[in-house]
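Just so it is clear, A, B and C label the chains in written order, and each chain counts residues from 1 on its own.
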Amino acid sequence: MKWLMNNWDQVIKALGEHIFVSGSALLLAFAVSLPLGIWAARSNRVMTIALGISGVLYTIPTMALLALLIPIVGLGKTNAILAMVMFSLMILIRNVATGIREVPADVVDAARGMGMNTAQVLRRIELPLAAPVIVAGLRVAAVTVISITVVAAFVNAGGLGDIIFSGMSSDHSAKIWVGALTACLLSVLVDVSLHAVENRLRKGAV
Amino acid sequence: MNIFSQAWALLMADPARVGNALWTHILLSACALLIGALVAVPLGVRLALSKRSALLAINIANTGRTLPSLAVLALAMPLLGTGFLPSLVALSLLALPPILLNTYTGVRGVDAEVIDAARGMGMREAQITRRVRLPLAQPTIFSGLRIAAAQVISGATLAAYIGGGGLGEFITSGVAMMAVPQLLLGAIPATLLALGVDALFGRLQKFMTPKGLA
Amino acid sequence: MQNMIHIEGLTKAFPGAARPAVDHLSLSIPEGELCVLIGSSGCGKTTTMRMINRMIEPDSGVIEVAGRNVREQDPVALRRSIGYVIQQTGLFPHLTIADNIATVPRLLGWAEKRTQARVDELLALVGLAPEQYRQRYPRELSGGQRQRVGVARALAADPPVMLMDEPFGAIDPINRTLLQDEFLRILQQLKKTIVFVTHDIDEALKMGDRVAILRDGRILQVDTPDALLAAPANEFVASFLGSGRSLKRLALATVGAASEAVAPAAGAPSIAATSSLREALALLLETGASELAVTDVNGLATDRLRFDALRALASASHTALEQ
């Protein structure tokens, strides 16, 4: 791994870009999905529509989606982030809605009976109890988003994909290894950490 | 002329090229899915029925599911070279985790009371697996196949980078040349293929689900 | 009468448990008897039952069914010759009612025509119209209907022995009574040896030819319901049988058992000969009468039941342990 030693900084920069792009996308997607998910938890119609649309988005091949966005937003990080938000919406809306729906009805009933209004029930009862399922969704979304970011290098979003692509086009094995393995490691690390958070929350809720 | 009519013109100029790419894409995806299923379904059943903990295998499969598709595909290059076969190998690997995990959970999830009744009535283990476990796990297994199909078709577009052919080539060359119509020639058929296959699986799933479970 | 089921010194201990689940248990069940195993949770009744068809293997002891040691038989073949009904029915959700019932006959290789005829016969027997129910699926049926199918399925290959593990436990009380009555009616037409596990003493007294009361893996007493009620072996059995034992005994007998073929006094309240002695007692108390006119199937009051006779019957074979 001589190449790695000599090109430390390049890898770190790519990693940083990757985390930035993935992170922003995830945050944005979560911000959009939270209210939508809450709405979907209450309304069957919204749930069906939301799931339907995002289900379609999730099926579209990553590269095709990124490419289709080029005529609209051009190249660069924006394109990638937009694509990732669209992708992760399904998982997040579904998990927020499911998590809230799975909160035992009698618990919510007791809370209302004690005089909590809707907002309080949401904040103090439903969201905390739905937290494990929501984090499970975040976990899948995070991993998905990291994966997409790798591909997004081809629309100039930067990130570890750059190193991989460069390695592939110049048949430079070391670059491929470093880029690919770093991406895999990042993905696994994020997955494991969020899994731990999820488990912590589950224990607490029970 | 807008980009769509330009793309259409490009298509009409040389339909065979797109046709070939589409065919390669379908071939690659179908074979990868088939191989993945042939390996993962029996393995999943075996793991679900084993008394010893299948935890290790399942954890590996779970980890496998988190790996970025392009990373897996890219690694095929230094290891296997480029072309159709390395792409096929990489894509088959991508198909394994969802099918394996769904088969495992599907078989494990069969109601224990039903298994007890089957055993108490005098079915042999193989008969129980064939007549009770698999039919009842079938919807979940099929779901796994559907997810894997989407993964594989998506991965097949990336296979352009390791010489696998397919519709991804139009996308990459389109981006390289900043020629949007060219790019659409790859992106639109790929999207339609993915959505079409998913819809097909949906239809198939309804058709194949045992009536008593609907 | 040959013993259909013979259990000797049966013992089973689960790893990590403080005491054996089944502790040197012995029991003989003659052919055609419905023997109830009853006790509180953990007494070993279900474990014992499940060792008969080798769903659980004993640590020691012998079980013989129809004279053959069950350990010497292929467990699968053994199970195909024993009917098996469990509380949650375990019907195959992906198969029709007809296919569910046809399971064991098909496993045994019966001709399809014979199998289908048998399915219809059994559906009619358990009170489900064949044309209506054959093609339905378990999820379309109520709990009570499902358990009827469960019983039909267990009877399909006409096994001489049946094991039933709290078969009516998951069903609401009203339907449970109906199913119990129907099952007793069905048994009158068939000759089956049945091991019936329950935790409900009233069900046990109603269904059983004999009732075995278990505790800590051992049988405390096994006897006919009447004998149990009249003479419980110890305080545990007595309290298990519940208070009002004499009333329960009266519920088991009909008016015909205590009536005399003497014309009743004028004005005596009437009661059908098929009613239970407990109902007769209630009527006597409510009306304050000292005798009842017993009517036959045509409504003619030819016999009488005197309060004294009923009381004498109720106190027969009392021991000092009566509360």
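Definition applied: a residue touches a chain if its C-beta (ideal position, glycine included) is under 8 Å from a C-beta of that chain, and two chains touch if they have at least 3 such contacts.
On a predicted model such as this, the values are computed, not experimentally measured, just so you know.
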item: Distance-maximising chain from subunit B - centres being C-alpha averages; value: C
item: Most central chain, judged by mean C-alpha position against the global CA mean; value: B
item: Centre-of-Cα separation between subunit C and subunit B, whole angstrom; value: 54
item: Length of the line joining the C-alpha centres of subunit A and subunit C, rounded to whole Å; value: 59
item: Distance from subunit B to subunit A - Cα centre to Cα centre, in angstrom; value: 21
item: Residues of subunit B defined as touching subunit A within the complex; value: 3, 63, 65-72, 74-75, 77-78, 150, 153-154, 156-158, 161-162, 167-168, 171-172, 174-175, 180, 183-184, 186-188, 190-191, 194-195, 198
item: Residues of subunit C that touch subunit B when the two form their complex; value: 53, 55, 76-81, 84, 86, 88-96, 103-104, 107, 137-139, 153-154, 163
item: Residues on subunit B engaged by subunit C in the complex (per definition of touch); value: 111, 113-124, 127, 132, 135-136, 210-213
item: Residue numbers on subunit A that touch subunit B, as the complex places them; value: 56, 58-65, 67-68, 70-71, 75, 143, 146-147, 150-151, 154-155, 161, 164-165, 167-168, 171, 173, 176-177, 179-181, 183-184, 187-188, 191
